[in-house]
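Two complexes come next, and they have one chain in common, chain A, joined by chain B in the first and chain C in the second.
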Partner chain A sequence: MEREYHVCTGCALLCDDIELREEENKTIIDSACRKGVAWIKNCQHPLECTVDAKDATSQDAIEKAAEILKSAKNPLIFGMGNSSLKAQEKAIELAKKSNACIDDTSSFCQGPFVEAILNDKIKSCTLDEVRDKADVIVYWGCDPSNSHPRHLSKYSYFPRGRMRQRGWEEDRTAIAIDVRKSDTAIICEDNFYRIPPKADAEFARALTEALSGKVPKVTFGMKPKEILELANVLKKAEFGVIFAGLGLVYSMHDLSPMEDLLEALNKKTDFHLMPMVGQYNMRGFNHTLFDQTGYINRVSFDGEDIGHGPQYSVVEVLKEKRVDAALIIGSDPLSSLPGSIAANLKEIPTIVIDPCKTFTSQIANVTIPSAVTGVECKGEAIRMDGVKVELTQMRKSDKMADADIIEKIMEAI
Partner chain B sequence: MGFDQFLSSPEMEILIITHRDIFQSAANSDSRFSDDYANLTAIIRLDKQDMKKAGLKEGNLVTIENSAGKVVVKALQSTYEEPHPGTAYMVNGPWVNALVSAETSGTGVPAFKYIEAKMKKSKESSITSFE
Partner chain C sequence: MANAMEIYQLLPKTNCKKCGKSSCMAFAAALLSRENKLDECTPMLEEEKYSENYTKLKGLISPAEEASETGMIVHEELCIGCGNCVVACPVNVAEDPKGAGSGNAPTNERVILKVEDGVVRLSNVEDCRRFGENKILCSGCIVTCPTKAIEFV
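Take a look at the complex of A and B:
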C-alpha cells in the first residue's frame, strides 16, 4: 500500500512527513514533534458558535458578525497566521469591503526581516538548500529546539544533506548567539556566544568590522580574539545561514547592522538569513498582502488611498482606540499582546474565528468555530522559507474552513 | 543602605527575559484553560542567589509589578548552570505580557523581551487568573 504523508501546520516548518495510523481504536501520529502532535489532535475546549455568549447557529453568528462589521466605521481585521492562503485572500477582500485596518502578528515579530527579503534587501534561501548545502549555521536570538522542534533534525544541523554527507559530526558548524544558554545553544557547545540583552546590533557591527580587517570592539567584555575567530568561521563558510529569532528582531531599532553584516559576508562567501517565523502561514499573509498592496502588514483600506505604517499596526490602533470593532482570525491577542493594550478589545464589538477557545474568544461578542487547516480541511500555505506547500486533510470534520466563514460574512454584508 | 535588608522577603528589582518552551507550546495548543498550561506559563525562573536574597523557596508565589501591570506567579530556581543575578526568565504568555509596557514610541512593537519589574514574595494564595 502506498504510504500517505501529511503536512503538520503546528509551526511554519510545515513538516511534510507526518503519517497517521490506527492502533487499538486510537490514531497514532507518526513523525510529528510534541508541539505538532498537540496541534493535530483535538484541543480540549473546541470553540462553540455563540452570539453574546449564548449558543447560536452558524447562520445567526455569521449574520451578527456581518452586522458588526457593516455598522463599524473603522474595524480591525487581525490574525490569519494560522489560516490558509485562500482565507487570507478572503480576509484582505473583506478588509477592502469594510474599510478596515488589516494586520497580523508579523507586525510585532518577524515583519521587518520578511519585508527586507521581499524587497531584496536581504539574501535568503530555502530550507532544502540549508539541508543540502549549509556548512555554517548560526542560530541568532532563536531557540528552534523549543520553537520549531524538528528544525535541527530535519533541515539545519543533523541531516546528511546532498553536499553534507558527513553530517553534523564533520560537515557542519552550528553557532548560537543569545542572551541565555538555550537548549539550542547547548547543542552548539563551544560555539555559543553569550551577549547581553540589547547588544545584538553592537555585536553584528563588531563582526562586520572583523570581516573588514579591523580590530572589533564591544562594550560588554568579549575579547576581540573571540570575535575575530567567529568572523573567521563565518567567512570560511561555503554556504552559510543565519536563522534570525525574535531575540534579534526585538533588540534592534532597524535592520541596518544585519544588512551590513550580510553584505560584508557576501563579499567573501555565500551567506543567507532566514527569519524564524512562528505561525504556520504568517509568511503567506505577508506575501499575499505584499502582492496586492506592496506592504506586508499594517494596512488601512479606510480612504481612497491605501494607508500603511506603524499607526495602522494592531498595537497602535488598539492602544489609541482608533478601531470600533474587531475580527480576530486564528489568533489570541489577549494572550499575545501586552495586557493593557489587548484589554481595549473588551470595549469594542469583537468577533473570533478559531478552532479552539482562547482568552480572546471568552470576551468576544460573536464566536465562530473553524476547521484546523491541514488537519480538518485542506489548503495551501507558505513555509517559513517562502516555499508554497499543499496541505491535505487528515480527518473528517463538519466544521467550516475559515475561508468559507469569511466568504459567508462577506455575502451577508 | 535600605530598609529592605531587615526584611525576610525584601522587594527586588529584576529584568525579565521571555523565551519559548516546547512543553508549554504543546499545552497551549491543548487547552489555554488547563492547569498544565498555567503550571508551565505562570512561572518565573530565578537565579539561585536571587531566590535566597528574596527569601524564596522553590514554588513560592511572587508578586511582580511595574507600571504596566501586576501578576502573581510561581517562583522556581533556574536550571542554568551559569549564574544570572538580576535576570529572570519567563515563558511567553498572558502572565508576562501583563507586565509588557504599552509604550512603543509609536513603532507598533512593544518590548516583549526586556521587562523591568519589582518582585517580592506574595501574600496571595494563588496565581493570577485570566479566565
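Take a look at the complex of A and C:
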C-alpha cells in the first residue's frame, strides 16, 4: 500500500514523513515530535475575526484593514515566518503598493547568517547532504533537542546515511559548544566545550589560530591543549558542518570570526555552516525578498529607491515611531520584542493575521483568522537549509489562507 | 525508579524465607525484576508494625508494574518525541534500515519503537534485545534520550 506522507510545519526542519490515521474517531499523528503534534492539532485559542474588538465578518475586517493601510503614509509589514512562499510574495507586493517598511523576525534572529550564505560569503549545504556525508557535526550556541526535536534523529547525528552506514556510534562525531550543558550537549558527552557568554568570537579566533599551527590562547579558563584537540578533530573531518544557533549569532558583532574559521577549515577539509532557523519559512521570506530587492530583510519601499539598513528594522521603526500603521502576519512582536518597543504598537492602528490568539492580536484593531499552512491549506516553503518543500493539506478548513487574505486586502486597496 | 537497596531497607530484614527466597535482599531484587509480588511477603501484610513500610513500598514499586515485559518504562511526561531512540535501536535498524534506521518514518510493522502523537511507543516487545532468557543489556534507547524519558527496571 502506498503511504501518504505530510509535511510538518512546526519548525524549519519541515519533516516530510508525517502520517495521519484515524483510530476510534481520533486522529493519530505518526512520526511527528511533540512540538509538531501540538502545531498540527488545533490551537487552543483560535483567533476570531474582529474589528475594534467587536465580532465582524471577514469581508468587513478585510475592508477595514485596507482602509488602515490606505490612509497610512508609511506602514509596517512584519512577520511572515509562518506563511507560505505565495503569501510572502503577496506581502512584498502589498508593501510596494502601500509604501511600507517590510521586515521579519530574521532581523533579530538568524538574518546575518542567511545573508552571508545568500551572498556566498559562507559555505552551506543541505540537510540531506549532512545525513549522507557528515562525519563531524558541531552544534554551536544551539540546542536542537529542544528547538528542533527531530534534528539529531532525522538528519544530523543518529541516522545512517549513504556514506555513513555505521551510524552515530562509529561514523559520526557530535560536538557541542555552548554556555550551558544543554540536552544536546548531554548527548555529545565528552565533546562538550563550555565557553562563557559572549566568548564565541574569541573561541572561533582561537580555533582559527590552532588550525594554522599556532598555540591558541583564550582569556577564559580553557587550556590550549583542549582547543588544539578540537581543532584536530575538525581538521580531520571528511565533511563537517556547524549548526549555528542564536547563542552564536547574538554574541558576535559581525560574522568575520566565523568567516575566517570556515575559510581556515576549508583550506584543509570540507566544512559548512547552517543557521538553525526557527520559524518554518523564515528562510523563505529571506530568499523571496533577496530575489526581488537584493536584501533579505529590513527594506523600505517608501520613496523611489528601495531603502535598506538597520534603521528599517522592526525594532528601530517602532522605537522611533516612524510607522503609522502595522500589519502583523503570523507573528507575535508583543511577546518577542522588548516590551517598551512593542508597546508602541498600541499607539498605531494594527492589523493581525494569525491562526491563533496572540498577545499582539489582543491589542490589534483588526484581527483576521487564517488557516495554518501545511495543515489547513497547501503551500510551499523553504527549509532551514534552503531547499524548497511542497506542503500538503492535512484537514479541511473553511478558514482562508494568508495569501488569499493579503490578496483580498490588496484588491480592496 | 528505586534500587534494590532502597527496597530492602523497607522490608522486615528478618530473612524468614516465607516468600520462598533465601533472604530479604534476594526478595528485594526479585521485586525489582518483577519475579515476585510484594504481597508474597506475608509478615508485611499480617504484622501491624510493617504497615507503614508496606504502604511506602507499594508506592515505590508501582512504576515497575506498568513496565513492559522487557522492563521498559517510558515517562510520557518527559518524552518529546524526538525519535533518537527510534533510529538508534539496533532492532529497528535491522528490521527497517531505509525507514526507521535512516531517521524516517517506519515503513513496516516489525519495528519495536515508533513515535505516535509525539510520544514514543513500544510494540513487538519480544524482539527487544532485553527480552527473554538470552537478554543482553542493550542501552541504545537510553543513552540517546536527551530527556531521560526511557528507563529499564
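What we mean here is this: the second predicted complex is superposed on the first by the 412 of 413 C-alpha atoms of A that agree within 3 Å, B and C clash if a C-alpha of one lies under 4 Å from a C-alpha of the other, contacts with A are read in each partner's own complex, and residues count from 1 in each chain.
Definition applied: a residue touches a chain if its C-beta (ideal position, glycine included) is under 8 Å from a C-beta of that chain, and two chains touch if they have at least 3 such contacts.
This is a predicted model, so every value here is computed, not measured.
Engineer: Is A:G339 in contact with chain B, with chain C, with both, or with neither (first, second, both, neither)?
Structural biologist: Touch partner of A:G339: chain B, not chain C.
Engineer: Please work out whether A:K357 is in contact with chain B alone, chain C alone, both, or neither, and reply first, second, both or neither.
Structural biologist: The first partner, chain B, only.
Engineer: First (chain B), second (chain C), both or neither: which does A:Y5 touch?
Structural biologist: Once the two structures are laid over each other on A, A:Y5 reaches chain C alone.
Engineer: Examine A:P149 and indicate which partner it touches, taking first as chain B and second as chain C; both and neither are also allowed.
Structural biologist: So A:P149 meets both chain B and chain C here.
Engineer: Of the two partner chains, chain B (first) and chain C (second), which one does A:A38 touch, if any: first, second, both, or neither?
Structural biologist: both
Engineer: Counting residues of chain A in contact, which comes out ahead: chain B or chain C?
Structural biologist: B
Engineer: Examine A:S251 and indicate which partner it touches, taking first as chain B and second as chain C; both and neither are also allowed.
Structural biologist: first
Engineer: So which bits of chain A does chain B touch that chain C touches too?
Structural biologist: Residues 33-35, 37-38, 145-146, 149 of chain A touch both chain B and chain C.
Engineer: Name, in rising order, each residue of chain C that touches chain A in their complex.
Structural biologist: So the residues of chain C in touch with chain A come to 79-84, 86-88, 93, 97, 101-107, 114-119, 144, 146-147.
Engineer: Taking the touch rule as given, give the residues of chain A at its contact with chain B in the complex, in rising order.
Structural biologist: 10, 33-35, 37-39, 41, 43-45, 107-108, 143, 145-147, 149, 179-182, 197-198, 246-247, 250-251, 298, 310-311, 313-316, 319, 332, 334-342, 356-359, 362
Engineer: In the complex formed with chain C, which residues of chain A make contact?
Structural biologist: Against chain C, the touching part of chain A is residues 3, 5, 17-19, 28-38, 131, 145-146, 149-150, 152-155, 158-161, 167-168, 183-184, 186-187.
Engineer: Which part of chain B faces chain A closely enough to touch in the complex?
Structural biologist: Contacts found on chain B: 15, 17, 19-23, 25-34, 68-69, 80-82, 84, 87, 89, 92-94, 97-102, 104, 106-114, 130-131.
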